[in-house]
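Take a look at the structures below.
The same subunit A turns up in both complexes below, where it pairs with subunit B and then with subunit C.
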Partner chain A sequence: MKSDNMSNLIKNGAIWGFIVLELIFFQIAGEFWSLSERAFMDLDNMLLLLKQSAPIGIIAVGMTVIMINGNIDLSVGAIYALCAIVMLDSMSWPFMESLGDWAIPLAWLFALLTGAVLGLINGIIVWKTGVDAFIVTLGSMLGYRGLVFMYNGENPTYHLNWTMVDIAEWDIFGVETPALVFLVVALIVWFVMTRTVHGRNAYAVGNNREAAVNAAIRVGPHMLINFVLIGFLAALSAVTFYSGSGSVNPNDGMLFELWAITAVVLGGTKLIGGAGSIVGTFGGVIAIQLLRKGLGHIGADTATVNLVIGLILIAVLFLDRQLNVKGKEELKV
Partner chain B sequence: MAEKNLDAVGRFLARQGILVAFVLFMVGFSLWNPRFIDIDNVFGVIRSSAILGVMALGVTFVVIGGNLDLSVGSLMSFSAIVVLDLHENPAFGPYLAIPAMFAMTMAIGALIGFLVGYLRLNSLIVTLGMLSAIHGLTLTWSGGQNMDIANQDATWFGVFGRGTALGIPIPVLMFGLLAAVLAILLAKTPFGRKVYAVGGNGTAATFSGIPRARVVFFTYIISSFCVATAGLIQASRTMGAQNTVGQGMELEVLAAVILGGASLLGGSGTVFKTVIGVLILGFIQNGLLLAGLEFYVQFVVTWVIIILAVWLDIATKRGKLWSAIA
Partner chain C sequence: MTEKTPVLRLEGIVKTFPGVRALDGVSLTLLPGEVHALMGENGAGKSTLMKVLGGIYQPDEGQIIVDEQPVVMSGPLEAKAKGIVFIHQELSLATELSVAENIYLGELPRKRFGLVDWAQLEANTNKILKKLNVGFNAKTRVGSLSIANQQMVEIARALTVDAKAVIFDEPTASLTDAEKVVLFEVIADLQSQGVGIAYISHRMEEIFKITDRISVLRDGQYQGTVNTAETDEEGVTQMMIGRKLDLSRNESHHELGEVAIEVRGLSCGNLYEDVSFEVRRGEVVGFYGLVGAGRTEIAETLFGLRNPSAGTILMDGEEVTIQSPADAIARGISLVPEDRKGQGLVLGMNCRDNMTLPQVGDLTAGPFVSDGAEVAIFDQYRDKLDIRTPGWRQTVGNLSGGNQQKIVIGKWLSMHPNVLIVDEPTRGIDVGSKSEIHNLIRELAAQGYAVIVVSSEMPEVLHVSDRIVAMYMGRIIRTFTSEEVTEDNLIQAISGIGGGKAA
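What follows is the complex of A and B.
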């Protein structure tokens, strides 16, 4: 029993220990190798890090819920791009232009609705056809990306509105809007997952779908809601990012799904479902962003960042399995 | 009697549905536009599908063995960059560059096979990690630069991508030959049967004395061999490559394999059906282009076709159109 607690503690604390190690390493290494005058653990730097982790982070929060359900969503990158295009393009529709700055909330609404509808389509297909979510979202990843290209060909879509940029760069004690949105989203979904019936059902469905059905959980609608949620969050991620940047390429958001899944897995969520937490995912997102930023800080290039993140993901998987195997052996006795 | 016949027809459709759909599609398009079935067009389509197709052959083994391989696109970029770079290196030249590239690509395949087979790590995450790690390797190797063969007329290297033999493009021949060899390996040898056994029920396979780890290991070796071949065709065809030449192909490859009817749970699928899946994707793309539509319309069509194909497959197996999920 005691060793069980121990191994749980190691598992849940591992991501935070890793973050602390990263901080210390890059702080010390930065003293030697960094070209920058500023320390790595500078407050501004950390706030910037939180802001930069927001686009993937917001999606990763939704992905956690999906993966706790035992599903996966590979289409988030395409949803992200499509919502960004809808938002920026809608700003230049004739009736929107006549609204002045009031067009902004309406454009956001269009983007968020688009995301929710795309998620709804995924969810309905998963529910009604019984095809595995991996295949359904693999298909819609291609399909939604096709829609992105059909919308505006291979051209970038842009619309710069300074009021919108101001809102995107608004800050409270240095925490800018994207970081704020990320924190609030994580908090709300954390609350839903730990304190509500929906959250409890999410774990139940992921753990044992048969048992969940027997416990009178309506699995189909439950999963549908989660797909709508992740579609909405992918749209929200696009809204927070593109309000500031004002320009989107049809290839934007590619591989976002893989980054989000990496963050979620680093945070301790199981692919088979039934286990995982928003707090862990938050840690995973921060850990990845720290790694990218830290390696950049000490002068490493993208190549090294890709290499290191890939190897760490595999190492985490290996360590996690070692800990789990231990637990199972005890169970067998 | 008639009912029995209908039943037989239904069963035939359920088993060979993808083939029937393919034939219907080809006939329909040919009637609509005779240029579609023109021999030059057909070879053109197969040649442009060859790279995706060769990769799909290898992934078929991995998927039947009950695993996934998301690293093939990234690995293909790696092999294309490596073979081009070594080709330009006076110490290697084309004769040594190709075997050296195959050795390196298959060494990475062996690493993945070791992690998934012997260490029994989840293949989705391992190959996801490898996708990123291999991309890092590729960038390190090339320094982020595009690779090009400087003097393209002085080398025979282009033969794999551009040459023809007996009027058939070499990539088509390579694809066909590899498909034939792998089809025999999968359907007619003890190894092939073991791949099905391991993918169908790993525990049962282990208890029947099948070395699960070794079989999985070799599915990844086969996959990496196919990826190296695809990288060779790609590099030879364009005589140059970007670091991201194979980016995103892992999911297209998987789409072709699934379209061919292989289950992601493992234990089912054939090489022949994967070839059909690849050809369907290729001919759809071609047909849409001939119809004057932009290339990206095929993404949407592919989406609909994949979902319909898998749905019908599942629906015929469970005997009901809609799922039983409450």
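What follows is the complex of A and C.
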């Protein structure tokens, strides 16, 4: 039992150890290679990092729940873009314009509703057809992205409202709105996953679906709720980001699903479901953002950043596998 | 019998699947405070009946009556709400969750806002665990428990609700004798509270120890109900299979050949230590011991699934290292694994493909797999082993346990092994097919195979073995010949009492 706790500690702590390692590395490497005068581990820099990790972070929180369930959602990037368009475009509808600044909360509401409904559609299809979530959301990813392009062709959709920008850049103690939303969302979902019946059932469903069915957990509706949740969170992510930027390209949010999944997996959630944590995902999101920022800090270009992140992901999963092997006498598979 | 109201009554249940009449007018009455055994060969319709009762299947005809009220079961939720609890044979647990969460899965105690009431959950669970007298607590992660303890968690579920009827489906399949005693106490306790208990098992000694009445199914048909006190094993067996069962000790010995495999001082961590034995061609050596005695682990080591930490393996007098199953197969060692469905078969594949799986790489015509050669192999072993299947296209998952086991054995025989290791060859197999498998094992030895049988069932090892190796806590306590072995000295050896000299 003791060694069990020990290896759990290593596994859960690994991502934080990795983050510390990154910090030290970039701090030192920055001294030699960085073009900027500022140190890497600087409070403003770290706050900026938190803000920049928010869009993917908020989605990754939802993805954690979906993946603990044993599902996956590939359509989040498309939902993100579509909700952004709904939000920005709705601001220029005649009746909305007549509302003045009161149009802002309404536009947010439209976007969040859109996200929830798109998630609901995914959830209903997964529940009622029994088709694997991977396939269903692969389809809806293409479908939703199609809707994005139908809306405004290849052209960007934009609407700049300074009140909205102010809200998006509002801060307490330097923590700006997007970072704040990310933290609050992570906190709430963490609470749901560890303390509520719905959260605990999510683990049971992913871990042993048959057991969950036998225990009279209604698996279909349960999954439906989680798909609505991730749709809503993808919309929330779009709301926090585009309130500040005011302009959305039809290609925005592409590959977001993969970044979110990467962060979730780095954070220790199993691809087959049943295990994982929001805290781990939070660590995973931060680790990726640190890596991007840090490599940028020492002058690497985006292509190099992606290559390194890819290699590290594989290395981490390999390490995880090694940690799970209990010894030489273990049964070989 | 008539003065009590039955807690549960099934009347004329009919359930058909395409091509099969799985249940044909089955009726069953479960009285409060009785333990009612449900017996039948695999494929007799027991599990189908349970699924109908649990609302997973809807019956085509007939009625389910709970407390004299006809009901329609729409699913496990409704069955539970009506006080009918199932203890599943195949563990139905979420291994990443705690014991408490598993026991109360689907009905975690709640506070406001859907929050889990952890204090209540833990208190309730510990109360139940105390009754079960187990060595773990509410917070233990289920995945870290042994299979036997996991089974106890499954059993603990029956104690969470005010059950009217509890259905145990082979609850003792992986329990040790000490744990069985606890289980039987739990059953007696439930019984005294007036709960009706349906008990499905293949183990006769348990049935006769704890049940009041026995109902028998054969081929989906109800064969009748008898009072346990008024019948005996032979009578029940006859009802189940329509013929008698042979429980004698193995008397015949075949011509023994050379030593096929010898093991000297083999150890594997703390799983087993200093194990030495030899098996000759034409000989069946039985490994008997409690769950966790290290028998399966030895088999797995010989098959290259585990690396030994010390000791040597000799085949035909030559020292060999077996690093992987591929090595083992190349040297003529075959393992029929304990978990037939999980480790021995690809359930979704057809009979032929399962049988030729290890050698399909060699059965080629040009770049393609040769259908003809595969079918030829399948036909040969189907006839040899008397595998009853409509044809090679049949999906293995649809066969009965006995026939599935024969497919696995056929698969390895077709590789022409020298040493055949069979781990729990008749687990979950009905009585009729059991003796067929036993005869098959004897026959194989007669043909010159060296056979190792790992088993937890005493009648089985007694029946098939020329010699019996008794193991206790990872050590060989004693090796018996079939002449000197008795039930008593064998039990003593595997419990670590006396036994004395190691052979």
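Heads up, the rule we're going with is that the second predicted complex is superposed on the first by the 326 of 333 C-alpha atoms of A that agree within 3 Å, B and C clash if a C-alpha of one lies under 4 Å from a C-alpha of the other, contacts with A are read in each partner's own complex, and residues count from 1 in each chain.
Just so we're on the same page, contacts are C-beta pairs under 8 Å (C-beta built on N, C-alpha and C of every residue); 3 or more make two chains touch, one makes a residue touch a chain.
This is a predicted model, so every value here is computed, not measured.
With both structures placed on the common chain, the touch criterion links A:L258 to subunit B but leaves subunit C unconnected. Of the two partner chains, neither subunit B nor subunit C is touched by A:E97.
Once the two complexes are laid over each other on the shared chain, residue contacts for A:H198 go to subunit C alone; subunit B is not touched. In the superposition on chain A, A:V213 contacts both subunit B and subunit C. Shared-chain residue A:E169: touches no atom of subunit B or subunit C. Of the two partner chains, subunit B is the only one touched by A:V136; subunit C is not.
By the touch criterion defined above, A:G274 lies against subunit C but remains apart from subunit B after alignment on the C-alpha atoms of chain A. Contacts of subunit A with subunit B, set against its contacts with subunit C after fitting on chain A, overlap at residues 213, 217-218. Touching subunit C in their complex are the following residues of subunit A: 1, 4, 195-198, 200-201, 203-204, 207-208, 210-218, 274-275, 327-332.
Every residue of subunit B that touches subunit A in the complex is listed here, in rising order: 70, 115, 119-122, 124-126, 128-140, 144, 247-248, 251-252, 254-255, 258, 264, 294, 296-304, 306-307, 310-311, 314-315, 318, 322-326.
Residues 74, 125, 127-132, 134-136, 138-147, 149-150, 153, 213, 217-220, 223, 254-255, 258, 261-262, 265, 271, 301-314, 317-318, 321 of subunit A touch subunit B in their complex. Residues 75-77, 80, 86, 88, 91-97, 101-102, 105-108, 110, 113-116, 140-141, 144, 268-269, 271, 297, 300, 304-307, 309, 324 of subunit C are the ones touching subunit A in the complex.
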